[in-house]
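What follows is chain A paired twice: with chain B in the first complex and chain C in the second.
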Partner chain A sequence: MATSLAWFSIWPIARTAMLLVFRRKLFWLLFAVAMLSFIFTFGAIYLLATLKQELPQMARFITSMLKDLDGSGTTYLNFMKLQGTVMMILLAFAGSVLAGNDHSRGGFMFYMSRRISLVYYALGKLLAIGLLVLLITTIPALVLFFEYGLLGDMAEYFRENFQIVFGIIGYGLLLSLSIGLLLLALVSWMPRPVPLVILWGGLFVFLPILSSVLAETLRDSEVNLEESSWRLLDLWNNLYIVGSKFFGVELPLFYGAIIVIFTVCLFSITAIFFRLRYLQHQS
Partner chain B sequence: MTLEPSVSVSASPIVEVKNVSKWFGPLMALNGISLDINPGITGLVGPNGAGKTTLLRLLTGQSKPSIGGIRICENNAWSAKAKSHVGFCPYGDAAWDEMPGRKAVRVSAGLHGFKGDEARHRTETVLDIVGMADRAHRPIRTYSKGMRQRIKLGQALIHDPDLLVLDEPLNGIDPVGRDELNELFIRLAQDGKAVLISSHILNEMDQLADHIIFVCRGKLLASGSLETIRDLLDDYPLKVRVSCETPRRVASLLMELDSVKSVRIETSDDLFLEVQNPNRFYGEFAEFVLSKNVDIRGLKATDTSAEPIFDYLMERSSKPG
Partner chain C sequence: MSHLFEIDSLVHRYGSIFALNEVSLSVDQGSIGLVGQNGAGKSTLIKILLGLLKHTNGTVKVFGSDISQHSVGLRGRIGYMPEREGIIPGLNGIEYVGLSGELNGMSRKIALRRAHELLSQLGLDEARYRRLENYSAGMIQRIKLAATLVHDPDLILLDEPTSGLDPDGRAAMLALLKSLAQRPGKSLLFSTHLLGDIEHVCNHAIIMEKGKIAASGALDLMLESQLNTFLIRWKNKNSSSNDVYLAALKQSGAEVSLSEEFGQARVVVTDAWSKQQFFKLAKEAHVTLIGLEPEEIDLRTVYQRVVGYKKNLPPVISLKKPEVSEVNS
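Now for the complex of A and B:
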């Protein structure tokens, strides 16, 4: 017999959205690109671990050159940031499949005629986006963390760095939630793929460039470039700044970044709510 | 249907619509509609923009009426409980072209809270009912329009609803597929379900529906059995094509019938008649054929599309008295 809780409908909504994305060749192409950097990092960690045993001095030399592979929180933070670049491209193209087509081709009506409300629908879509983000950023980072520990001094590494796991998960959830809300809000208002890609590109390519240019040209000579408030225009950088805190690193503009991310999330929730309400009552 | 019913059917109507109006800003999409829907096939007929889709949305709990109330099996239409009694088959495809039909039906099972073996069992049962069990492994993009319609029907039937709401289900379907779907609708109605079919083509409903609801410009123009509707259309001027071998002779004889207003010889085989009272005309015409011993090859009403009939009903309803 059917369960009486509509909460259980969230998973079928998310699974359907993900299945539709998984059936696109473009997804697998971008996923392969994302996996390239993962495989490269995985191989590099393995190589370093081997060198540590065979040629310790060489390993120390290489580690001093490649600070991003020292097994600290920064290793995973930067890896996730790199993965995030591919993830952004993927989401730009997958956004329409994940939710946009529902609005342009009747899927939304299909869902709304079932025993589910707008909230469950939005949560299902958010879960789908979030899982894609986790799949590309968080899960590979966790694999690398365990690889690093297992290939080195396992007990000591895990004991000293267990908080990194929480950092990876925390940063992953931050990315999932904020990017998920933003994408769902944009897709709700702009379901067609081309305008969505343009807008997404504007947010994550044009704004960072603009913020760099403004920070460079308008900065006070006494203020460090990284501390310029114009940097807050770069949403991706804000996520990095807040994400760093999960790994115990506090970067400049931390509170500003939190305010920006919180505002974006709040704005996205409002936009999603009003748009879905409008679509529900539209004739 | 062999599925365990999710609800029990009560004695009162499955759908009760009471004085429902719906506004979208300044636009009044529905104006004071009241009707009941019982088990059997009900045709919701109206021209494009009549308010059919709005009424379907209200019935399926997708939106709330501005005024009035809708009860489905004694529950408010927008409550989750009411939705568990309703299966909706929307007009458009849900953009799941890449997904196999079986999976699409399975998703619907999940959305109704069925899991594991129960979901699998229900999926296979409804695929069997809609005749898609052997083709459900293929992606939806490879399906014909009729097959897509069957999958949507399967999705709507997954929870064994009491009310099945179908938005233009026969639109774009070829005649063979149309007959097959009609048989399916009749079977479902015989199983005790209320099947509400919207259409803008009156002819589609003629042989299918037990009950017709006419809506136009947001108003309920007429509601009742086909006979009731036919009675309303007594004075409706109908155009009829008669195919025969001797049109000149037949034309002169037909002019003697009271119900025939005018006769026009169009081709060497066809006559076009304008008749004033369709019901009386068909009776007179049957007697005419038998008594005059004329060779009639065909008789077809040429303007039974919904629009002129709605115009007629609208005009009739706006007349005082």
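Now for the complex of A and C:
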């Protein structure tokens, strides 16, 4: 009765993980918070488009004040960064549901005793995390991009800014892959929700604060704060730096940020592989 | 035709501890019972047959293919029901069984249809949309069995399938396993501590002891081979004739195990032995034989003989009721 390739089992694993997250009320609460900034930006773009028609001078004034709403790549880059803050909180709580329960409550054995290997399992979980990241960051950003174009001079805007779509997708995939690998690695080693939230908070709250403090206190006086190597401790900022490149914006510490992200991904893959192998043999 | 599974010189170690030590075994299709004490290596053997554990040494072939090279593909032909683990809280019954089918290569539509059929057959049709965390122990065992059967595997591996079930649930599960075991071309291997379960369902038994195979074979043959066992009781006029009688039995080739009660023994004799010999030897030793009955043989008896279980019986704990005065004080 078994027919399809084992690769096709990745989707059911991802779908089930997302289903389990969608069944949590906390997810919908955090999702609603994430959508607040989307709705605000959506409304602001609509208001600007209306003003451009009726009060063009006022619209130009507002656009000059609010750079984040000028429809350029920075608009979407900063929007995605803002969405990412809520996404981090959401993933901290959803991590144990996405994969942690498999280790703490025995679901891992269910998966491993089916016609799949560790690789399919890990890819399924990564896909689930990645899709959640895309749902909160990339898809709303794409909606805003199309809204901006449709409400303004559609043909001209899309012609001049089509590369923004690739930027949004590229930044979204970068976030999905790196955050997904890191979360899966942490969840594999730390499946319980409370330690996971603490560690996740440490990585994305404590480390940025530490990096700012160190950059402020230890940098050379001639070096700009944003160019201090201590800023590389802030993983979220590194993702922003690399993500900016997708929108044609080059920020300081670009190559340093790439090395840090690459190292984190490599470390995560190694940690996932060894931990899952260990759990498979111990279960 | 290849065997269901063939194991040759299998060794599996956890650190310095041998979970399986030089196990060699060939088993044909059928219903196979795996029995042994805790730590005998049953679960380890099952996980190696499933390809979940990489063995330290030796070869394991399932359906003629090396499990270490084709574990993922072979798992598509195997269904495994673990004892305790294997539940995904948050899913309902249909989603859980359907997911199992999809992970074994079925399309979602077919997997769900088959899940509905199975849950109806297993008496879970009313609970199919209930979350698994709200299931009773019996329902959990049945839903795990449904997830094991959904892709119609050729070999079903069950680890303590009746564990945690009440008597009615256990009887129902055994009846179900028996019907599964009778399907042509399908095999079933289940491990349990409950020897009666194996007698009820299986036609082949494997007895494990400290990581080794203590006995393996068709259940009927195993029981038949133990038929030459008698319980004898005698009276004697003096104690020396007692020793003479026992020595005579041993000299004639019988295995004698003295009972704790004086004047009783269990005697295992050869096929050529006739009952008259007991009387003849008793007469020669001036002993009066007052009881001679064949021992009732079941798998428990076979197991106890093979493993020497009686030696390891735990001490009896007296549950004496407290005196009323002590309670009042």
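Simple rule for what comes next: the second predicted complex is superposed on the first by the 279 of 283 C-alpha atoms of A that agree within 3 Å, B and C clash if a C-alpha of one lies under 4 Å from a C-alpha of the other, contacts with A are read in each partner's own complex, and residues count from 1 in each chain.
Assume contacts are C-beta pairs under 8 Å (C-beta built on N, C-alpha and C of every residue); 3 or more make two chains touch, one makes a residue touch a chain.
Every value quoted in this text rests on a predicted model; they were computed, and no experiment measured them.
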Chain A as common anchor, with chain B and chain C clashing or fitting: clash
Contacts of A:R115 with chain B and chain C, given as first, second, both or neither: both
Touching partner for A:T63 - first (chain B), second (chain C), both, neither: neither
First (chain B), second (chain C), both or neither touched by A:S9: both
Which superposed partner A:T74 touches (first chain B, second chain C, both, neither): neither
Partner chain in contact with A:S104 - chain B first, chain C second, else both or neither: first
Contact residues common to both interfaces of chain A (with chain B and with chain C): 1-6, 8-9, 12-13, 16, 19-20, 23, 101-102, 105-107, 109-116, 280-281, 283
In the complex, chain C residues that touch chain A: 50, 52-54, 71-73, 75-77, 80, 82, 84-91, 95, 99-100, 102-108, 110, 114, 147, 151-152
Residue ranges of chain A touching chain C (in the complex, touch as defined): 1-6, 8-9, 12-13, 16, 19-20, 23, 97, 101-102, 105-117, 280-281, 283
Chain B contact footprint on chain A (complex, rising order): 1-6, 8-9, 11-13, 15-16, 19-20, 23-24, 101-102, 104-107, 109-116, 280-283
Chain A partner contacts - residues on chain B that touch it in the complex: 4, 6, 24, 27, 29, 53-54, 57, 60-63, 80, 83-84, 86, 88, 90-96, 98-99, 103, 107-108, 110-115, 118, 155, 159, 165
